[in-house]
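Going in written order, the chains are labelled A, B and C, and every chain counts its residues from 1.
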Amino acid sequence: MADSKLPKSLKTGKNVVIEEGVIIGENVELGHNSVILKGTQIGDSVVIGANCVLGIEPGSNKRMRKINQASRPLIIKKYTRIGNTVSIYSGTTISENVFIGDHASIRENVSVGGGTVIGRAAIVELNSTIGKDCTIQTLAYVTGDTTIEDNVFIGPCVSMSNDKYMGAQEYQLKGPHIKKGAKIGNNASLLPGVTIGEQTIVGAGSVVTKNVGNNEVVAGVPAKRIKNP
Amino acid sequence: MADSKLPKSLKTGKNVVIEEGVIIGENVELGHNSVILKGTQIGDSVVIGANCVLGIEPGSNKRMRKINQASRPLIIKKYTRIGNTVSIYSGTTISENVFIGDHASIRENVSVGGGTVIGRAAIVELNSTIGKDCTIQTLAYVTGDTTIEDNVFIGPCVSMSNDKYMGAQEYQLKGPHIKKGAKIGNNASLLPGVTIGEQTIVGAGSVVTKNVGNNEVVAGVPAKRIKNP
Amino acid sequence: MADSKLPKSLKTGKNVVIEEGVIIGENVELGHNSVILKGTQIGDSVVIGANCVLGIEPGSNKRMRKINQASRPLIIKKYTRIGNTVSIYSGTTISENVFIGDHASIRENVSVGGGTVIGRAAIVELNSTIGKDCTIQTLAYVTGDTTIEDNVFIGPCVSMSNDKYMGAQEYQLKGPHIKKGAKIGNNASLLPGVTIGEQTIVGAGSVVTKNVGNNEVVAGVPAKRIKNP
């Protein structure tokens, strides 16, 4: 594991694997049994738990997408904390002061803004953008090609999808667009391509099938306006 | 790994990490690559799978809670079985004869009663109490500050929340209170602070927005009584 | 770890554990810290990520089922790719060209057909059969005793159950039966024993409480027909 270029301030647990080309800043902590794959860049004062796998190269089979690009590294910026048993792909950038809970998984070509919390066992698929100071709660599912602006709250177990034909025909995959300050209640379902307006609130367990404007409160199956601004 | 104080009856796999101050009873089994963090107490005849991380100290960022307390250990009592790739925090007590499925995660300051099953990939957040002989099914989400009494059945993918303002204002976080023998159907959503009465049944996919009495059967979005006792 | 019978073409990462009686084909890759338990059979050109646990023997407590059978191995056929932090039990067969996402978990006595994708953090319980060329999306839950025929699409976060009395009385557990080409929208809930007909579409967030015929489109809570063939 040990590489002559690793900083002396690095604290590593047992059985840690650091592959070639990994760049690690000052005062980083790496938990036991964590695996840092080649090329990953870790900023100053980042803390990573045990049993993580960071910097995974995308794989695929015939029914899955793979982004065709020159391989880019996973970049984790300073002061970010990553829990235990987390997996993150290459080509993704995690900003400063982010918190990523245990068992979370983040795919390639994702951007996570500063100060955001990604909850335990939350999953973020490829090509998605998450803004600053968001809370993505436990077990929430952020599908591919999703845009989440700043200060958004995604409740626990929220589900999204990005394929309205469910694999049946060619379709430009498109996840939801969730605007600034919107709040999505727990276990709500968002359909492909819906827009949720700024500061809008979606009730728990709702199914959002159409775009929702700014400053609305919607709930139900399908979700309907229950209160005006 | 090996510590002179570990009992001779301990069976450990490869690459196991046991930190200082860990107390292990007789006839314990630890799977490959599992990590037992400092101070954890493991009772007699406990079986732990591979790739677990047990005894995690809570971390946080600015939008997350952390219990401010003297550090207490994780205590796992005798005959309990823990699967693979499980994470459990310090300050939590798991009673005797509990079964915890693979990929499950349990936070700090939680109490799990004897004979209870915590399903695969189920998540239990901080400050929650789960009674005896409960079944918490696969992928169920027990939010923070939840009380689950004895003999409760929580179906697969059940979702709970504990923050009715979704981070928007100061609020005393409060999870559901689920009384003795209640049964919650799969993928139901429980809102913050709701009480579910004794022996009450909540239908699959329901959204429970208000308290429900004892011996009722409720279903729908929002959940309504569909049958009297 | 190294066993004299392992093929020279095997590429293994660091800290890999391969137990006795494991059979590995040609040109296999095993990621760092992965654990291959005794008797597992891995076909040619299989690629396995880091931190996996493969070939787990079933355990149980008093409120859980365990199949009473002579121990059978986990069999993974050629060209299949398995992600990171995946767990799979003994007695299960994964066919050729399958893709299994990170954090997924598959129990014993399961059969997965050729070309199928099992998404990230998806969970498949015991005794279930999944056909060829299916897509089981991220965080979907396939309960025990489920039959999924060929070319089925199960959306993200779909939930199923197999116990209509939720542990309250003796019952022959029965999961859904999902016929050829059916498509289940994200976060839909399927009740125990329901049949979903061929090519039928179930809307996102629906709760399916009764059998649905072929070529239908159903949605809502409970799910009702919204369009005829």
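General observations
Heads up, the rule we're going with is that contacts are C-beta pairs under 8 Å (C-beta built on N, C-alpha and C of every residue); 3 or more make two chains touch, one makes a residue touch a chain.
Chain labels with UniProt names: A, B, C = Transferase family hexapeptide repeat protein.
Since the model is a prediction, treat every value here as computed from it, not as a measurement.
Where the sister copies chain A and chain B meet, the same residue numbers recur on both sides for under half of the interface positions.
On superposing C-alpha atoms, the copy chain A sits rotated by 120° relative to chain C, to the nearest 5.
Taking the mean of the C-alpha atoms as each chain's centre, chain A and chain B sit 24 Å apart.
Contact of a single residue of chain A with at least two other chains is seen at positions 15, 33, 51, 85, 103, 121, 139, 157, 187, 221. Residue ranges of chain C in contact with chain A, taken from their complex: 13-15, 31-33, 47, 49-51, 81, 83-85, 97-99, 102-103, 115, 117, 120-121, 133, 135, 138-139, 153, 155-157, 183, 185-187, 201, 203-205, 220-221.
Note for the complex: chain A touches chain C at residues 1, 15, 17, 33, 35, 51, 53, 56, 59-64, 85, 87, 103, 105, 107, 121, 123, 125, 139, 141, 143, 157, 159-161, 166-168, 187, 189, 191, 206-207, 209, 221.
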